[in-house]
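Encoded as structure tokens, the structure appears first; notes follow it.
Per-chain numbering from 1; labels A, B, C and D assigned in written order.
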Amino acid sequence: MRIVVDDALFDPGAELNRFTEAAEGMGAVVSFSGIVRQNAAGTLKAMEIEHYPGMTEKAIAAIAEEAVTRWNLGDALVIHRYGALEPGAPIMMVATSAPHRADAFAAAEFLMDYLKSRAPFWKKETTSEGEGWVAAKDEDEAALDRW
Amino acid sequence: MMDVLYFAWVRERIGLPKERVETRAATVSELVAELSAREERYALAFSDLTALRVALDQELSDFDAPLEGVREVAFFPPMTGG
Amino acid sequence: MRIVVDDALFDPGAELNRFTEAAEGMGAVVSFSGIVRQNAAGTLKAMEIEHYPGMTEKAIAAIAEEAVTRWNLGDALVIHRYGALEPGAPIMMVATSAPHRADAFAAAEFLMDYLKSRAPFWKKETTSEGEGWVAAKDEDEAALDRW
Amino acid sequence: MMDVLYFAWVRERIGLPKERVETRAATVSELVAELSAREERYALAFSDLTALRVALDQELSDFDAPLEGVREVAFFPPMTGG
């Protein structure tokens, strides 16, 4: 299980390959990458991600350990950045490996749902109109109910 | 004495990321009431507790939780990671 | 939408990065990679994948078009190999991009479920005990019911 | 005249991947009966139709389907891709 909380840019493809090479005996690898999405008007200048050093790592480790307990997984990877990010840049990724695809998919979705609402990150967007904190979505909180 | 941390717009409204607080508050709610009584900026930040989350010693908790033995309290809006 | 049916080795990480770079305005990218899984006894020597040239490409295109119709996707990628593969080698991958993660996950799972049971590929395993065709699993057929 | 294709263990049992077949069979089932009557290896390959799938002109179909206008019939076991 590898957990990285860092401000540095990372390479999702290189991370996927490294994760897959280490996943011996696993038939299925699922990855999710979150990208800073330009808004419809094209006015997003930057995204700043604040986090709670110390708690972030603990919260992610707890979520990942829960995933490993619930599903038949080989391994799990979580990378999450903080700091100033540009539109198009990767924000975070998760990857899971498992003997079978259903476990890999379910665990990756579980990790994402919990990271969204239970890991202490906050997004602030700067657009040409000004800046503001991204509001949490009711649907993200509701997504936790299925687990 | 405990460390009180603020994140995101809570940090911006209160105007600082962290402070040492001398308190005899027994619960998180009591601490919130003490801080809100201090100054307008605290009262403003804590005006709607449903929009806030609290962590005690880096574990998510709630406003009824006791503070005994707690060394670090953090207030912040709902998380928006991922 | 890119569909590749080929016997050549491919690089899942490089494919993921290429797919992600092209996914402008998308916030979520999900990938699945299938790997030739060594069996518990460690006796798997090789896996041979037979396919039905012509029908394979059509069947995959139909599945991918269905996915693009059902979910709010930016793009979809399907790569599937045939021929002789070694344990640990990538067999196939799918990737999906979408504005939001729920669509990207659902479409990737849909693609996988349909590729498993509706694209004309057959796996033959050679172990130290001999060779045999991999039997279709009831659970793979059942997985289609949820869509 | 149509092309009849065999894949995976169907191909192995029958011993060839493809053949041209002269037939007046109206349905897939009739074609299967004709082929099975030819030789033991065909009868063996077609002995359990529940273990087989059929495609007509590269579209999945079923054993009741008519063959009129069909140029390519393929028999194979359930797919195991992915």
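Keep this in mind: a residue touches a chain if its C-beta (ideal position, glycine included) is under 8 Å from a C-beta of that chain, and two chains touch if they have at least 3 such contacts.
Note that this is a predicted model, so its numbers are computed, not measured.
Enquirer: Please report how many Å separate the Cα centroid of subunit A from that of subunit C, as a whole number.
Expert: From the centre of subunit A to the centre of subunit C is 23 Å.
Enquirer: Would you kindly tell me how far, in whole Å, the mean C-alpha position of subunit D lies from that of subunit B?
Expert: 72
Enquirer: So the centre of each chain is just the mean of its C-alpha atoms; given that, what is the distance between subunit C and subunit D in Å?
Expert: A distance of 26 Å separates the two centres.
Enquirer: Mind pulling the subunit C residues that touch 2 or more other chains?
Expert: Where subunit C meets two or more other chains at a single residue, that happens at 34, 101, 112.
Enquirer: Note the residues in subunit D that touch 2 or more other chains, in rising order.
Expert: Touching at least two other chains: 82.
Enquirer: Quick check of your reading of the touch definition: is the inter-chain graph here a line, ring, star, complete or other?
Expert: If you draw each chain as a dot and join those that touch, you get an open line.
Enquirer: Which chain pairs here would you call touching?
Expert: A-B, A-C, C-D
Enquirer: For subunit A, which residues are in contact with subunit B within the complex?
Expert: 34, 49-52, 54-55, 58-59, 80, 91-92, 112, 115-124, 133-136, 141
Enquirer: Along subunit A, where are the residues that touch subunit C in the complex?
Expert: Counting only subunit A, the residues touching subunit C are 11-17, 20, 23-38, 88, 90, 99, 101-102, 104-105, 108-109, 112, 143.
Enquirer: Touching subunit A in the complex: which residues of subunit B?
Expert: 5, 7-9, 11, 55, 58-60, 74, 76-82
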